[in-house]
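Two complexes follow with chain A in common, the first pairing it with chain B and the second with chain C.
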Partner chain A sequence: MPRSPAELIAKYSKYILVLPPLIFFILFLLMPTIIMLLLSFNTGEATVFNPSQVTIKNFIDVLGRPMVYKIMRDTFGMSLLSALVALGIAYPIAYLLAFKVENPTVQSMVLFGLLVPYWVDWSIRSISWLSILGEEGLVNYILMGLGIIKAPLKELLFTRLTLVIIWVQTNLLFMIFPIYLSMMKIDPDLLNVAKTLGASPRKAFYNVTFKLSLPGVIIGVIFVFVSTLGDYVTPALWAGGLQMLGLTIQNYAWAFRWPLAATYSVIMLAITVVLLYILLKIANIKQVFYE
Partner chain B sequence: MAKALLVEDLVKWYGREVLALNKVSFDVEQGDFFVIIGPSGCGKSTLLKCVAGILDWDDGDIYIGGRSVKNVPAYKREIALMPETYALFPHMRVYDNVAFGLRMHGKDESEIKKEVSEALKLVGLEGFEKRWPSELSGGQRQRVSLARAIVVNPTVLLLDEPLSHVDYRLQRRLMEDFKRLHNELGNTWILTTHVQEQGLSMAETMMVMNTGVIEQIGKPEEIYTRPRTVFAARFVGDINLFHGEVTAQEKDRCTVKTEVGELVGTYLGESDLRGREVAYGIRPEKLKVEEERSNVYDNIVRGKLTGYYYFGESMEYSFKVSDGTEVKVRTPPIKLALGNEYFLCWNAVDGSILERPCMVEGLNIEDVIYGR
Partner chain C sequence: MKDKAKAVLTAYTAIIIFIFYLPLILVVILSFKAGAKISFPIDKFDLYWYFGEPGKIGTSGFASGIFHDPYIARVARDSILLGVVNGAIVMPLVLSAALAFRHRFAGRDLIFYLLLMGFVIPAVILGLGANLFYKAIGIKEYSLWTVLPLHIVYTLPFGLIITMARFDPMMVEYENAARTLGASAWNVFKKITFPLIRTEAISVFFFAFTLSFSELLRAAFVVGGIGTLSTYIYNQMSVTAPTPKWFAMGSVTTAISLIILLSLAYIMSRGQRRAI
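Entry: the complex of A and B
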């Protein structure tokens, strides 16, 4: 049956509405990923995928270098460590905010306060670490003033510790928010019931509060883990020459050896996907996205 | 045997302004089905939360099974609570929800399994063990919540407004279930509600509350037929009210001089009411409508039929009496003509003398009953 254009538009309008974000998604996320994936099966200085030269030589090369495993350990290790340290700091803060601060004005003031550092430009924030962690910086000044140390600590800058401190600071908010939100959703009656049914405060916390905040914890860990994983600038600036996967990829990309850069990227992506899958499995994916 | 629950001069303030419980004292016998009824904001939930150990109170004491629980945390109180929202643990299946209390009490899994399936059977939810709370209907959730509470065999089971989120038909069935379960289990149940039918039909003992104080405690039929205050009378049903001065008091018979004439009613209290302003109450179903003046009744008032409402099993007729007040009569349908005058008759034994409006000085009852 012939239809007028107006009828057709009416019929498919809901699909048309989805088009712009869909096009954006395909063009800027899906396509580059596919190109990267394809390119990792070429060699040399190819910049366009050549189907006639498909080989897994790159993967054999890369995975055959002992150095690569050290880099991977450092990369995933530092990201995971930062995520866990951030979790350790963020969880009590989120808990206090959600359960102990009853005044909603105070609650929003604190959340607002946590946002303030993000108003400062990234490069300025980066440089200011010098005056905080440097030999004549704030931390050493305070520690020496209190008589805890005699000579300034030199390990605060350009070490793994520096990297963890900076990553934790810059990502803390992304850990606090999901945990806080998952805690806010907990019906206080659940805790009341748990207590009347014989759960001591500790058991009630573990069985109700903690387990119900787990989705927030997992989301927070994923946020921090993923965003630090992709960050190669901070390690380059502050980690004192620590070699990371992101940095390696950047080096190859700048040297126009795109296939090799793509190979590293694919390996990194694969490991990340597996790790995320495990994390979401722990939290029960259904719970993270629905309840 | 010690009382299941004893509450002594309980005082609870919210901040400095709101006095939620004003020296509340009462006790509950072992095995009672005790219903606390009152409008929202009367303090019944606060009272329940104090008993449960969720709220601290400011003065007075609570004894559960003869033991003061002032310094006893909720988890050591031998109670169970079924909150208004049911509060099922969303991250646990039905089985684990019901097993929760038993696990907290350190029972072993084989025993838990037996008791959980027994409790689920009692509430009619066999085979639901593997379901998640999100897969249950409102009524099913409520029954899981009930199973979770009864499975720990508490000295006192507290149910906070358990029927306020289910529709009317289901309410009736759940009320029957509650009565049956209470009889089978034999422990003490304390339930709050703001709906009169629920209180009257489920309670073995009923307590009417109003703005932090107790209006009256007694058997439901006692409160219904012999209310002590206007508030108690109105909260458990409809009542026609007249106002006047007591002119004679002899044993339990009182004569009240009102604008519609002298009315004789019953007063079971101790006070000497002569010369005092009181209210006189008569329930709509206790009135007879007669076309001729008759001498067999103690009280007769003339009224003009102004309207009627059909309720299926009964009719409610509205009459306007000489002082202009509206008097309601509830009877099976009879043949009456709008606009005609009739004689409304009843006996002294059915009329109640209501000593005071309510137990709170200077409170406007209309505000409380209909909400501010």
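Entry: the complex of A and C
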């Protein structure tokens, strides 16, 4: 039974500490989501929820369109593909940083260095792809200069492949970081024990390193997956007219069809939450952060 | 054998990091290109997109160099200001939440997942939600500061996971020891906790600044006035063809960010040395 003020503060400090961010997130994350959910049951160009005009017409309309299912497949398919490609590319880098680079200063410098490309503004970075993959871009210039191709490749931009390249490049940081963090938590003794007990390097890697880095892998996949899901600009600029859910939501919002934009958002969020739930079943991500 | 694996991995990482840097490298190179097209080959370099034509100060936004464009100076300054304020608010919120999560309490998992949702909720949904939220509570005039809450929600989770993953597991023991020896709550924080989490605090600030500064998708839904750098250029992109002018801008803001962050890191690390 704590008596002194110091003991009381120590006992209740966790509640006091968690309260400011919690209140902020209830206000600016939970409330907006609830308001959006409510508005999806109104129609037309309504901007504020009107309880007397509740209807599920939007949902019936949207889910009745065959196009919507193609858009959903494209959206979730492309995002998941980008997340998996990013995982394949990022994993060896995180492994190198966590296990092969002993000097912590070098580690921090590489990680800090990964931030620098983000100081070029989002829009400018997006335009820069024209100078890399465009008909008069760097890749075509080099390939033609080397005599590998005669005419510039037009398929580098405005295809599905373009979208995957840009999404992977843009989101690599969000994959490398969680994997690196979970690898840093692996006790090096475990690997030695596995080897002493006669595990082959491949087996030791799979059973110790890979399995223990799985929470980081899952977090990385989730981060890249959702970052690309929410992106409505890159598909519009570089994916050659590929229709995506995010783009659909933005188009309706820009046309003041707020309730319909909200309906698409609610559907997208519902599918996302189900997919996240499945991903979280694969590994216990909390173990990276607290007991 | 082992060194060979490391060499292969290092070479691989170097190539990937080069590709990762490629947009930045091209932005810097092409910003010095003469002419209006962002393409190769580069025939001639000049400073037109920085300073405009010598002796002729541009009045219209598009034709002149960035240093003579009154809008650009304003949006760049606003974006940097937004990033710094965002970092300054996110840092204490992250530390506060991360310190609380070390202890068990009712609803801990639920609150942890709620905070993570700030990053995990798709950008377009967070933007739309905030826009509708402002409409519902009667805010009609958007500004730079209506973007701030969104950026806090978006950048806090990433800072939180970096901080929590790197906490010293012994920290709670040290704190308990100090408390048992009679240290006040404030002294425990000042003498034990804060020195142990100072590095995390600095990285949280860097990440929060960086993610906020280059954010477009969420801000586009709730920004007012001429906007942030990102939303301003995004709007310009829909009316004019891209020129190396934007690349000049990207080069300058990168240089400014680099200077600000390196001097901050320097100041903070000096403070650290003095404390020890």
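Just so we're on the same page, the second predicted complex is superposed on the first by the 253 of 291 C-alpha atoms of A that agree within 3 Å, B and C clash if a C-alpha of one lies under 4 Å from a C-alpha of the other, contacts with A are read in each partner's own complex, and residues count from 1 in each chain.
Here, a contact is a pair of C-beta atoms (placed from the backbone, for glycine too) under 8 Å apart; a residue touches a chain by one contact, two chains touch by 3 or more.
Everything quoted here is computed from the prediction, not taken from an experiment.
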> Given the superposition on chain A, are chain B and chain C in a clash or a fit?
Replying inline: fit
>> A:Gly240 in the overlay: touching chain B, chain C, both, or neither? Say first, second, both or neither.
In response: neither
> Any idea whether chain B or chain C touches more of chain A?
Replying inline: C
>> Taking the superposition on A as described, I'd like to know which of chain B and chain C A:Thr33 touches: first, second, both or neither.
In response: second
>> Quick check for you: in the superposed arrangement, does A:Pro152 touch first (chain B), second (chain C), both or neither?
In response: neither
> Rounded to a whole Å, what is the shortest Cα gap between chain B and chain C in the overlaid structures?
Replying inline: 12
> Common interface residues of chain A with chain B and chain C?
Replying inline: 290
> What does chain C use to touch chain A in their complex?
Replying inline: 5-6, 9-10, 12-13, 16-17, 19-24, 26-27, 30, 37-41, 79, 93-94, 96-97, 99-103, 105, 108-109, 111-112, 114-115, 117-126, 128-133, 135-136, 149-150, 152-153, 156, 158, 161-162, 164-166, 179, 184-185, 206-207, 210-211, 213-217, 221, 229-230, 233-234, 237, 242, 246-247, 249-251, 253-254, 257-258
> Within the complex, which stretch of chain A touches chain B?
Replying inline: 187, 189-190, 192-201, 203-204, 207-208, 211-212, 287, 290-291
>> Per the contact definition, I'd like the list of chain B residues that touch chain A in the complex.
In response: 49, 52-54, 73-77, 79-81, 83-85, 87, 89-91, 100-101, 104-105, 134, 148-149, 152, 158
> Which residues of chain A touch chain C in the complex?
Replying inline: 6, 9-10, 13-15, 17-18, 20-22, 24-33, 35-36, 39, 47-49, 89, 92-93, 95-96, 100, 110, 112-125, 127-132, 134, 136-138, 140-141, 169, 172, 174, 177-178, 181-182, 184-185, 219, 222-223, 226-227, 229-233, 246, 249-250, 253, 258, 261-262, 265, 268-269, 272, 276, 286, 288-290
